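Please find the structures below.
One chain, chain A, links the two complexes that follow: it is found with chain B in the first and with chain C in the second.
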Partner chain A sequence: MAETTSIADTQDIELRASIDRSLRHPVMFFFTSGAVWLALAIVLGLVASAKKHSPEFLECFSFLDAGKVDAAHMSALVYGWGAQAAFGMIIWFMARLSRKTCTASGTILFAGHLWNFGVMVGVGFILAGEGSGVAYMEFPMPVWPVLFFAFILITVWSLIQFQVRDAGHVYVSQWYLLAAMLWFPWVFITAWFFVFVLDGNPVMVAGIASWFKATLFLLFFLPVALASAYYLAPKVTGGPVHSYNLALFGFWALAFLGPWAGMQKLMGAPIPQFLPYAGAAAMVLILIPAIAVGVNILKTVIGQTDVVAQSPSLRFTAFGVVAFVIFGVLSCGLHTTNALKMVQFSYTGYGMDILGLYGVFSLCAFGAIYFIVPRITRREWLSRRFIRWHYYLSLYGVAAIVVCAIVGGVMQGAGIEDVSQPFGTMSRFASSYGWGVTLAWGFLLFANLFFCLHLLLMWARLGRRSSHPTLLKSHHASNPHGPDGEVDNYDTPTASSAH
Partner chain B sequence: MDHTRDNPLKRFTAFWVALVLVTAFGIAGIVLGPFFGGGDKEDPAYTQKSAERLGVRRQVENASEKALNREALDKALAAGSKSLLSSKPAKGARPVPAEQPADAAKDSTKDQPAK
Partner chain C sequence: MTFKAFIFGLLASFGFPWLVAVVIPFAKMRSLEPVKFAEGSDQSGPYIPARDGRVTEGSKIYGQEGCATCHTQVIRPTYAGNDIHREGWAGLQASLDNPDTRRATFANDFRGEKVAHIGMSRVGPDLANLGRRLETHLKGDGQTPLEWVMLHLYNPRSTPNYADNQTIPDRSSCPSKNGLFNVVPDYQGRGGALKVEAPEGKAVVPTDRARALASYLVSLKKDMLNQPVPASLNTNPKAAASAK
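Right, the complex of A and B next:
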């Protein structure tokens, strides 16, 4: 009996190793090129933020005008970093959960290059002043079909893996991954058609762009982040998900509320009035899935504080889930009718975007990357200091951006609403918070430099050849990582579970 | 490998089903677009309204043209120009908003031809 179990375990380890081998190049390509785009997006974000309070900053470069650099910053962050990190996570998680090796890694790698080419051309056009001017869809019209074609080539294999998986349990992570893979084409094609192809009313184009912006986060980035959290929390702690029913409720709550969000940005515009109110109501109710997911994940890891403290993956993931709960609470407070009137034309929206994209998605993605990369490169992370710096600078950086942008936005909104004051008073209110945002982007730039360098070294297979994962707390007096040796016991509970 | 679920035929079918799924909204958009006026670049309501608005504009322009007394306008302009030409420059009563910057004064001497 014991011998049969041992054979099954060996076969299982071999299968996982073969899945990791089959996906090594595409996944590492997505993560490293995404990290480089993230560094660029942060530099552009720093310049864009500086231009808000000091318009004369770098004014000698016309391609860095405030409008261009702001659009290029968000596009690089969303499509350069966010989408590529999501692709890497989707293809690896789906292959592992469906227990199928990837047979199309060459095609995925080609599609990855195509995606990067599209983003590069799009950002180039934005900086040249040829952007579309539609928020979150700033790339010129011909770039979008290229991106969509690349998306299909990247994700279609994961859909096949899910379809031909061995019969049995469908994991919570798989619900979210499958949903993200099907929701993305829906919001992408719908927005592209209505904004660029069909000759619609310009006010509705603005409305659809706002809908796209909200749903891209709620129906693509967020599900991928939650899939990662639902995978890593039980995997690293070694326990089951706290409540399957709560997970089911959280998933369907997001699926039901997500598609309604977005139009609240057009409150007061000449569109049917139920649309902004429906959007605002959906954003208020996002608190429900946020609490459901937050309680479920945190209850899964609670009581395992040592594991959370040691594991980089779990620490980033736990912070990402807490950020989602904060997102839900702030969303609930900032989308009431009175609050919307005040913050509609202020920095607050930017603060919420960064909280969602960086605070929730990116931190969960970092957690996933710290888990996946040692498995596919068969090397351990080189430096726990780099990881720690990355963690703390990200934590403080993103918190500072969100606080400054949201509080500054509320002050700005109050200034706009106060008709007894000249318009300049509002600018003075906002400008000091703008300095705070610029400083915070500086923190994130440093954080990402540590991360990017570390990841590139891992890609070059210069990581540690050790059977001990790099944890954030030391257990060995002589060597903080334990004795070095060949990596040979991945996926045994002792070595891998604490990542 | 569980051959009842994973075989080349199943993978081939899954590939095409997945393609149809992810492009379903695009296909729906192409099919349904023309029914919602998507392919129609000229909005008839707008065209009709613009004809009306152009008519109103023509009426306003004609009325303005009729109301304009060019002779009186020329006379008034000529009188104004004459008095402006005949007047001599004098110190104004309003305060000067700011002093000329020292750098600008230096720069202005640079452009003068050498004596």
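Right, the complex of A and C next:
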């Protein structure tokens, strides 16, 4: 009996190793180029934020003027970093969960370059003042089909892997990944077609662009982040997900609410009145999936606080999930009709965007990257200190941006709503919070320097040749990933680690 | 949950809102009924606020330059905000010269534009009625709205920071769009140069993009001067009636 188990284990380890080997190049490409885009996005964010309170900053460079740099910042963050990190996560998680090696890594790598090219051209055109001019969809019109084509080439293999997998259990992570892979093209094509191809009423075009922005987060970035959380939490702690039914409920709650969100940005604009209300209602109710997912993941890891503290993957993931709960609570409070009057056109929207993209998605993505990279490079992370710095700076950076933008935004909005106050007073008042946001982007820049450098070293295969995972503690008394052994050995609680 | 049920659930949960909140409203809004004056009033026919200037081109440049990041162009009805009550934003208040022309934004305000620049935030003031506000504000100053806008684009801190019909002595936080201007050798009799300090023998002239953008900005008007607002758009019918 013991012998059969060990043969099965060996086969299992070999399968996992071959999956990792088959995906090594595309996944590393997505993570490293994503990290470089993230650094660029942060620099642009710093400039954009600084220009809100100090308009003379870098005035000599006309391509960096406020407005354009804002658009370039968000586009680099969403398509350069966010989408690429998501691609890396999707293809790796799907291959591992479907237990199939990837046979198309060359095509994926090509498509990854194509995606990068598209994003580069798009950001370049935005900075040159030749973007599309549509808020939230600033890339010029021809870039979108290129990105779409690249997306299909990257993800179609994961769908095939899922289809040809050996019949068996479908994991919670797989629901989220599958849904994200179906939602993304649907949202993307709809937005592109209605905004750029068809000739529509200008207000509705603006509405669809807002819908695109909201659904891209709720139905693509968020599901990928949650897929990662549902993968890592049980994997690293070695226990099952707390409640299957709660996971099911959280998933469908998001699926039913997500598609309605977005048009609350146009509250009071001349579009059919139910659209902004439906959007606002969806954003209020997003608290439901946030609590369902939050409770489920945190209950999964709660008994093992030392594991959470020691595993970089789990630390980032747990904080990402907490950020999702905070996102839900704030979204619920800020989208009621009275609050929306104030925050609709204030800094608050930016704070929520960053909380979603950086607080929820990126932190979960960092967690996934700290888990995946050692497996595909077969090297361990070099420096515990780098990871720790990355963690704390990210945490404080995101928190500072969110607090400054949301508190400042609420005050700014309340001031604008108070017609007895002159308008100019309010914008001056809000600009002091703008300083806080700029400073916080500085924190994140440092955080990302540690991360980017560390990742590039791993990419160059300069990681530690060790079978010990890099844990955030000073000695290896007990290993939460199971017993020490080959790199592939510690990621699943196998029969040998069950004792 | 079977795979079939899963896919059906996804199609249904996304497909329904997709149809109801995106496709159908889009199709319906392609052919909107024009807003008409009530039968029997002094005015008749559709209410179409006049717009002149390089609207389509200027609107595109407005978007490309990212003006919508900090400026909105929407006057929300009172259920959604207090915009109508900010002086000048929504139209002109009743006076001896004109009836009350304040109203919320309606779809026809964006006629000729590819996308309505509703805007992301109000770091700067709303621009929905900028053209008319400037006209009122600059009356008797000897400066036209177009000249003011050009100067503001080139150096926002050279023009008085003007919002709510109040000249605030403080500095504007608007960034300069100096990339839309060229510094060229000056010669006697050159027209179109900005009245700003330039290096010796040089003049600052707007590019074509700047001209289009400025033309678009001064075309932003919520009202037809001295024309009442149709009853269906009027938020303050009593004031309009008493002004007559």
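The working rule: the second predicted complex is superposed on the first by the 475 of 499 C-alpha atoms of A that agree within 3 Å, B and C clash if a C-alpha of one lies under 4 Å from a C-alpha of the other, contacts with A are read in each partner's own complex, and residues count from 1 in each chain.
Following the convention adopted for this analysis, a residue touches a chain if its C-beta (ideal position, glycine included) is under 8 Å from a C-beta of that chain, and two chains touch if they have at least 3 such contacts.
Just so it is clear, the structure is predicted and the values come from calculations on it, not from any experiment.
Student: Counting only touches as set out at the top, which of chain B and chain C does A:248 meet: first, second, both, neither?
Tutor: second
Student: Based on the superposed arrangement, let me know which partner A:152 touches: chain B (first), chain C (second), both, or neither?
Tutor: first
Student: Mind working out whether A:306 is in touch with chain B, chain C, both or neither, as first, second, both or neither?
Tutor: Neither partner.
Student: With both complexes overlaid on chain A, does A:12 touch chain B (first), chain C (second), both or neither?
Tutor: Neither partner.
Student: Once the shared chain is lined up, is A:167 touching chain B (first), chain C (second), both, or neither of them?
Tutor: In the superposed model, A:167 contacts chain B only, not chain C.
Student: State whether A:272 touches chain B only (first), chain C only (second), both chains, or neither.
Tutor: A:272: touches chain C, not chain B.
Student: In the overlay, answer first, second, both or neither for which of chain B and chain C A:186 touches.
Tutor: both
Student: Which partner does A:100 contact after superposing on A: first (chain B), second (chain C), both, neither?
Tutor: First partner only, chain B.
Student: Which touches a greater number of chain A residues, chain B or chain C?
Tutor: C
Student: Can you list the residues of chain A that meet both chain B and chain C?
Tutor: Residues common to the chain A contacts of chain C and of chain B are 182, 186, 190, 198-200, listed in rising order.
Student: Residue numbers of chain A touching chain C in their complex, please.
Tutor: 51-53, 55-56, 59, 62-63, 65-71, 129-135, 170, 175, 178-179, 182-183, 186, 190, 194-195, 198-209, 211, 219, 248, 252, 255-256, 259-260, 263, 265-272, 275, 278, 337, 340-341, 344-347, 349-350, 412, 416-419, 422-424, 427-428, 430-431
Student: Of all residues in chain B, which touch chain A in the complex?
Tutor: Per the touch definition, chain B meets chain A at residues 2, 5-7, 10-11, 14-15, 17-19, 21-26, 29, 33, 36-41, 43.
Student: For chain A, which residues are in contact with chain B within the complex?
Tutor: The touching residues are 100, 151-152, 155-156, 159-160, 163-167, 181-182, 185-186, 189-190, 193, 197-200.
Student: Of all residues in chain C, which touch chain A in the complex?
Tutor: 1, 3, 6, 9-10, 13-14, 16-18, 21-22, 25-26, 28-30, 32, 59-70, 72, 74-77, 79-83, 85-86, 104-107, 109-110, 113-125, 156-157, 161, 163-164, 166, 168, 170, 172-180, 209
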